[in-house]
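Residue numbering begins at 1 within each chain, and the chains themselves are lettered A, B, C, D, E and F in the order written.
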Amino acid sequence: MARYGAMFGPDVTFLGVDRCDVTDPGTYADADVVIIGAPFDGGTSHRAGARFGPSALRQACYLPHNGSRPSLAMRVDALRDLRVLDAGDVECYSGDIEGSIAAIEEAVRRIAGTGSIPIVLGGDHTIALPDARGVATARGRGRVSMIHFDAHADTGNVQFGHLYGHGLPMRRLDESGAIRGDRFLQIGLRGYWPEPETLAWMAERGMRSYEMTEIVARGLDECLTEAFAIATDECEGVFLSVDIDVCDPGHAPGTGTPEPGGLTARELLDSVRRVCYELPVVGMEIVEVAPPYDHADVTAFLGNRVVLEALSAMARRRKDAAGGPAWDPRQPLLDGR
Amino acid sequence: MARYGAMFGPDVTFLGVDRCDVTDPGTYADADVVIIGAPFDGGTSHRAGARFGPSALRQACYLPHNGSRPSLAMRVDALRDLRVLDAGDVECYSGDIEGSIAAIEEAVRRIAGTGSIPIVLGGDHTIALPDARGVATARGRGRVSMIHFDAHADTGNVQFGHLYGHGLPMRRLDESGAIRGDRFLQIGLRGYWPEPETLAWMAERGMRSYEMTEIVARGLDECLTEAFAIATDECEGVFLSVDIDVCDPGHAPGTGTPEPGGLTARELLDSVRRVCYELPVVGMEIVEVAPPYDHADVTAFLGNRVVLEALSAMARRRKDAAGGPAWDPRQPLLDGR
Amino acid sequence: MARYGAMFGPDVTFLGVDRCDVTDPGTYADADVVIIGAPFDGGTSHRAGARFGPSALRQACYLPHNGSRPSLAMRVDALRDLRVLDAGDVECYSGDIEGSIAAIEEAVRRIAGTGSIPIVLGGDHTIALPDARGVATARGRGRVSMIHFDAHADTGNVQFGHLYGHGLPMRRLDESGAIRGDRFLQIGLRGYWPEPETLAWMAERGMRSYEMTEIVARGLDECLTEAFAIATDECEGVFLSVDIDVCDPGHAPGTGTPEPGGLTARELLDSVRRVCYELPVVGMEIVEVAPPYDHADVTAFLGNRVVLEALSAMARRRKDAAGGPAWDPRQPLLDGR
Amino acid sequence: MARYGAMFGPDVTFLGVDRCDVTDPGTYADADVVIIGAPFDGGTSHRAGARFGPSALRQACYLPHNGSRPSLAMRVDALRDLRVLDAGDVECYSGDIEGSIAAIEEAVRRIAGTGSIPIVLGGDHTIALPDARGVATARGRGRVSMIHFDAHADTGNVQFGHLYGHGLPMRRLDESGAIRGDRFLQIGLRGYWPEPETLAWMAERGMRSYEMTEIVARGLDECLTEAFAIATDECEGVFLSVDIDVCDPGHAPGTGTPEPGGLTARELLDSVRRVCYELPVVGMEIVEVAPPYDHADVTAFLGNRVVLEALSAMARRRKDAAGGPAWDPRQPLLDGR
Amino acid sequence: MARYGAMFGPDVTFLGVDRCDVTDPGTYADADVVIIGAPFDGGTSHRAGARFGPSALRQACYLPHNGSRPSLAMRVDALRDLRVLDAGDVECYSGDIEGSIAAIEEAVRRIAGTGSIPIVLGGDHTIALPDARGVATARGRGRVSMIHFDAHADTGNVQFGHLYGHGLPMRRLDESGAIRGDRFLQIGLRGYWPEPETLAWMAERGMRSYEMTEIVARGLDECLTEAFAIATDECEGVFLSVDIDVCDPGHAPGTGTPEPGGLTARELLDSVRRVCYELPVVGMEIVEVAPPYDHADVTAFLGNRVVLEALSAMARRRKDAAGGPAWDPRQPLLDGR
Amino acid sequence: MARYGAMFGPDVTFLGVDRCDVTDPGTYADADVVIIGAPFDGGTSHRAGARFGPSALRQACYLPHNGSRPSLAMRVDALRDLRVLDAGDVECYSGDIEGSIAAIEEAVRRIAGTGSIPIVLGGDHTIALPDARGVATARGRGRVSMIHFDAHADTGNVQFGHLYGHGLPMRRLDESGAIRGDRFLQIGLRGYWPEPETLAWMAERGMRSYEMTEIVARGLDECLTEAFAIATDECEGVFLSVDIDVCDPGHAPGTGTPEPGGLTARELLDSVRRVCYELPVVGMEIVEVAPPYDHADVTAFLGNRVVLEALSAMARRRKDAAGGPAWDPRQPLLDGR
């Protein structure tokens, strides 16, 4: 697996953090988080373009690219309070899905193997397979649960005659034993896919999927709390998979398979914050940001903030664990406690 | 009235359902629902483009166009559980508003005359006149109520010197006796139109209009419940008119006369679901989707889902009426009851 | 300071209201409100384009430009019930920030000096300095509070080596004594700016900033009510500053520094309504609408409605003060009281 | 026919020239040219949007809207050397094609009746019928020839069952006797319409159509020279009809029925210049500019320049006729002769 | 190889021609031309999106989709004068480049095997390998020459570590023996790729590449004439490959790897016409139309016309061969010979 | 003057060339060319956005950003055959035009002072003043001529009351003595600005301006040849200023003040090539690329290629001067001499 700077665009790091080289673990031995791009969209079933996701997610910010982002909400500067590095992009040829999956998995496994948290910038959702399997391989197969924000279950069996693609990774993860079927927690599903046979298979495997109807009826926070309890039952770590299409297309138009009726951007940010503040996240991915369909970069900005929100919550979780007062969402911004 | 395949685009049916010929009732005698396009935008007072609505609404989906759409939320496959056919487009020349209205009304009346539910893909809101009048003529004038989602009341008297146009159909419907004034239920109005004289006329006719301020203050569900009670009082059927501009422009930019401050896409889908699940809908229209002003097809996707949501709720209503357990929005997706 | 018709576009007034000449106070002596444009974007730190804001905000409406806008919600026609005039644009050369600030401040001071309420159409947020200082100079320095809707605090000290810019005006206003530090009420902040040193300075000055986390946790209405109490404590007037980026980018993409996770358009309109109905607003600005980044004019439409919402609430406030029944948001639209 | 300021947008004049009132001939008795808008697109067979043409054509310029435009090429300032007035828009309801045609024709006839040259800003090409017939009625039926730049012949017989529409006006003009069949000179035709029967009818009527193949083979200038000779044979005046789709879609994307392989913008401007400098133009129209399909206003800018090029050439023709030295395209710009 | 209707969009045929089934040669035994789509973009090195090319190329026309297109220029109706059928899309999974190539080649070989001319709608240029090899296999390896319009030579050796991709097909074609190296005629190359080693290989293989500099210096027609002589030397048939990026990005923005300084749309249409009128074309492809990057469909319109131009010229070639008078580009359109 | 990496975007170099530090001449002492960005658009009179020009011009390429670009046309690899470095962006605050001009001039003067050729990536055309004056200061005031491609003369006297702006730099350059009035060679002017008084001043100063009419009448090559002779008369060096709006808006939509009827992209590239191959260019700028108005990056791609074309021609000029055979535009690409 060759290391590349940036496949589709100039060689820059996420908001200016330092670089590391995935093939040289010494360069990230002390990292808390390693960001890596997977510019792959060969697994899309409709609109491509997510190959430009890593480039967009790294750059979509109007502030200086200086490796510092103090969070107003969490009162930490995750890019400084944590050691966050960027390993560039894995070379992914969209025409070769199996080779790309292998290359991504190898990179993620190496990063997770050092104890760092890999954050993978997709790319289409095909990469959930190598991303989560790579983490599970390093952390213990069956010991990592999956919290999955998405409009789609991604549990299909075959796509265009193949076993790999952006509609299938969750089934492959279950089959491979990387993640137990009853530790898939899906938030935000809706629409008209998959068909009943697949839903039956999901039920049989013990998955727990929160469709938007249930979320509206019960409240998002209640659903999350319930899901969090399952996620940490007999699992030491959580993999967080955020498919940007969990948001309503009005908030995230730049994606391949938009499904109306989703979360607001505010709800997604708050949910990601809760996951990373309340749970032991050991890996993360943000996928399906497709810049060719974006407008004024609003989807790229959102994706960039999803990553920062996760990092900020991780940093605050660590800070509180070190003995600080618990984070209080009702605390006024300028109240200096 | 000549039958046409598709006026502005290739001759395709709604997500691949079977065809029928509106001039040959035998081809849809057994249909539950007949979809028909009204590619007319000659009645717009500002931005045109809704003529491409039927073509966009039929095609805006990333799933195979295979005549099947199993609803995660309603647990039915409306395109299969109901017999849904597509009659193509009525030939509408936007330069001839009176001829177009006549042609649309004739087509809708024929469809409704067989007992099928016509779903008309607009086109601008001018078509509410022939759509609802055609249904009322078949079902009984004064026996069908109107549930109308819109930013605008559409009760003006004259537009550019004419009696027909997208700002006037509700007045013409009342005047014609097709729908009783006190059975117009309007949801989502806001902004700066119409002027007090028209509002006074509406009050005099007994209309009930829920402006967004009341909806925010009281809650959308409470308002809908109240409106539903009126709608079924002394009426056997309901005509559902959905103007996509009832949604906030952020959720539905592709429309002609956007008014900020509207419903979210989620709220519209849930509302349409309630109408079609709780009430005896006998006709429907989705109007004012204007693709030239859309971005990444988000408005077209939403309009497509409004139709599918309506169909799914109708199918579920029928299923429950046949003795099944009532639909429960709190039921988990994978809970197999 | 030369008066100009319109700097970037044709010479039109806000929705067709009458004109006045800012250099001739006699032309607006009897005005309740004077609208004036500040087509300046030389203070932006990232995406420019707000220079076209005044032109867009004046024109973005699908209704006739006839100087009348009857509000469904407030039951007044602000453009007629109030005397609203438009003074055109202040000549602002974006390459000369100091000259532009001086010219804007002189114009605003003149308008406020007659007792009229200036409403300034920006332009970037740099203009908060001349806008609010111009009003405070006329109304009494330290006697006007600031209610500020924004994703950003705009309290930075230096921008690209300069003391003026769109990230700095609130600090300059405090320093100049125009507005007391403890009468800045900020609503909607979020994201990753400013850094802790600036937050500490804000706290020291007694500012009160409602970050989105607090707003979500406590509710927007509760936060507003609390802020309103502070705003009127020892102050006779309120300056309302609306940066369109307080809204989520999905609702307001056409802006320079979009920050995901903001208010909905509905929330902003309702908030502006409350400010102008409940408080003695003596000046207002709407800033950071950047048409080059807009889509289908949705941000321009929103900005136009923010101005109309403010005007309508001001008109209703005046009407109720004259002895009418208090405005009731739960009153049905067609209930003719 | 009611006079309107501007149907779709603010009430502004072409680049700031003075106004006149088409119903009051005294207001334009001394005018050389009267500009009038026809915001009608009800006759389009595909993409609408040309209703916003008049508004766009009046405003699309980055220079001050001050009623002055000194031409570098022609060394005249047409907006000052000629008396050019703007009569606003004819009220055109796109849903009523016959009423709109009548209203436009009445307005054009009035203008031409005073000896002024009407320049009609379309709108779709339907308006060629009232535009040219209005001029011919005033100037003498059969005494005015037609020079017609277009990708399409516009000589169809019936469109969607009607006799009026943007594909038919040239046939109606011939039938009405307004313009002799053998005085239609068409430049720039190409593509796959009309069918042979219509071509046969055109040949029979003696029309002369220069398809792009002939233009490429012989050279545009030679074709124009040949056409000009025919145009002035037994005719005292020329009506110039410019459909912006005569240009290649790369140069004019903002139009309804784009046909690849057309003229460059430079070729169109040079051709319009030759027509208006060499021939006695008595009326003109610019049609099919459809802003919803434009990008960065490039088509609107081009349409605006087509009008200015025509005006500049008319002014120079008049100046040379008054005894000046003939215009020389090879003369260096700064050569002060 | 499964046959699919349409992979990404509704199942429609090219402008409404009849269908055939590539797996059943009897359905196209009598066809002159069989159109088939290859919705594959897994071989792109930069911007994807060409998977939507087949859908766009079939539909991008403002005329009725009625299987008739009378060419003004060539005086034939190719869709009627020839038997043109549409076989739908080959199922191509962009994530599986080798499988897609095999499926395409099988389909093209079958079509060419019946003596029909396959016209392949791409897709990215990867497909030149199966397209031309499929034709050469049927017609005789080494007996078909390649006329290749492109900004790029597409003769690279390896792309992202693979032997297949849109920058490599011409080398693979040479290596496979399908087409002799000295029968590659490349028109329109420019820019900064490939590097000297590849150019040396091309020279060694005897390729003839006309870079834009030579074309400008010598004239396009002279270069084509020279190339045509080579193409028919010892070859009985010609394969025509049109990469839309041979045109300047101003004329064809909707493509993946745009290189400024190319042909105009007019020049491309005229060149394609010459190839298909003067030479024995036995296969054709149009590639790299990428709708996500298009504006107002201008690139799709151009691609559609490239196909029609080719078909019209083929039809005219056949007609003239049958004894008609030779086509004369200088003949006036309405001159009825 | 503070050095900055990149003002608006990530810190990358032009296509991956090495960096240098403008404040440390030792870092570029051996450079042939130093690229530097001037992200300033405070001098625009209409649409802003050129501040993003440097970022776009550096990145707009689909090839790897590897510091190599072998030119097919010139048979050199300028990024390797020359020593080309990138000094990042000068910090330019668009609100401070005088400070920005000073900072840019200082940077350019330093670069030119080492004998390197500065290539400045704008930014609006205001920067011609510091760019050319900086070069002339280093090379000898009055000893450098100006070849200026533009739709506009940029010789105005005052803009919005100021002496600096994008419409004025050529007058300031003449006044300052940096460049002699009779050594301004302007190519591509057209449209309606400036007014006669300014033209008279230009004539008086001895400028030579080729308006498009003369260019069309005489041919671009003849005009260039004539201009080149003037440019080298009593001048040892040439400054090349390319305003992208010299091209037709169809080829370069992403700019602030587009004027229809300009050069094609091909003509601009060929002209830039001639300037840099035939003349002793000592400084260059590319200005007015405004990404917010671009589509699919076509203008940014063009601007990037203008720089590469210039570099390639410079490299070839040097190679031929070293004794190689003269470059022959008629030489076939694969002809290996």
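Criterion: a contact is a pair of C-beta atoms (placed from the backbone, for glycine too) under 8 Å apart; a residue touches a chain by one contact, two chains touch by 3 or more.
Being a predicted model, the structure only gives us computed values, none of them experimental.
Under the touch definition stated at the top, chain A and chain C share these contacting partners: B, F.
In this structure, the chain pairs E-F and C-D differ in their number of contacting C-beta pairs, and the larger number is found at E-F.
Of all chains, the one whose CA centroid is most distant from that of chain C is E. Centre-to-centre separation between chain B and chain D, using Cα means, comes to 41 Å. As a whole-number value, the distance joining the C-alpha centres of chain A and chain D reads 57 Å. The mean-CA centres of chain D and chain F are about 38 angstrom from one another, to the nearest whole unit. The set of chain F residues that touch two or more partner chains comprises 46-47, 248, 250-251, 264, 293, 295. The complete set of chain-chain contacts reads A-B, A-C, A-E, A-F, B-C, B-D, B-E, C-D, C-F, D-E, D-F, E-F. Chain contact summary for the complex, chain F toward chain E: residues 62-63, 68-73, 248, 250-252, 264-266, 269-270, 295-298, 301-302, 305, 308, 329-336. Residues 2, 8, 41-44, 46-49, 51-52, 91, 93-97, 99, 126, 159-162, 164-165, 292-293 of chain B touch chain D in their complex.
Within the complex formed with chain E, the residues of chain B that make contact are 5-6, 9-12, 16, 58-59, 65. Residues 45-47, 189-196, 199-200, 202-203, 207-214, 216-218, 248-251, 253-254, 256-262, 264, 293-295 of chain F are the ones touching chain D in the complex.
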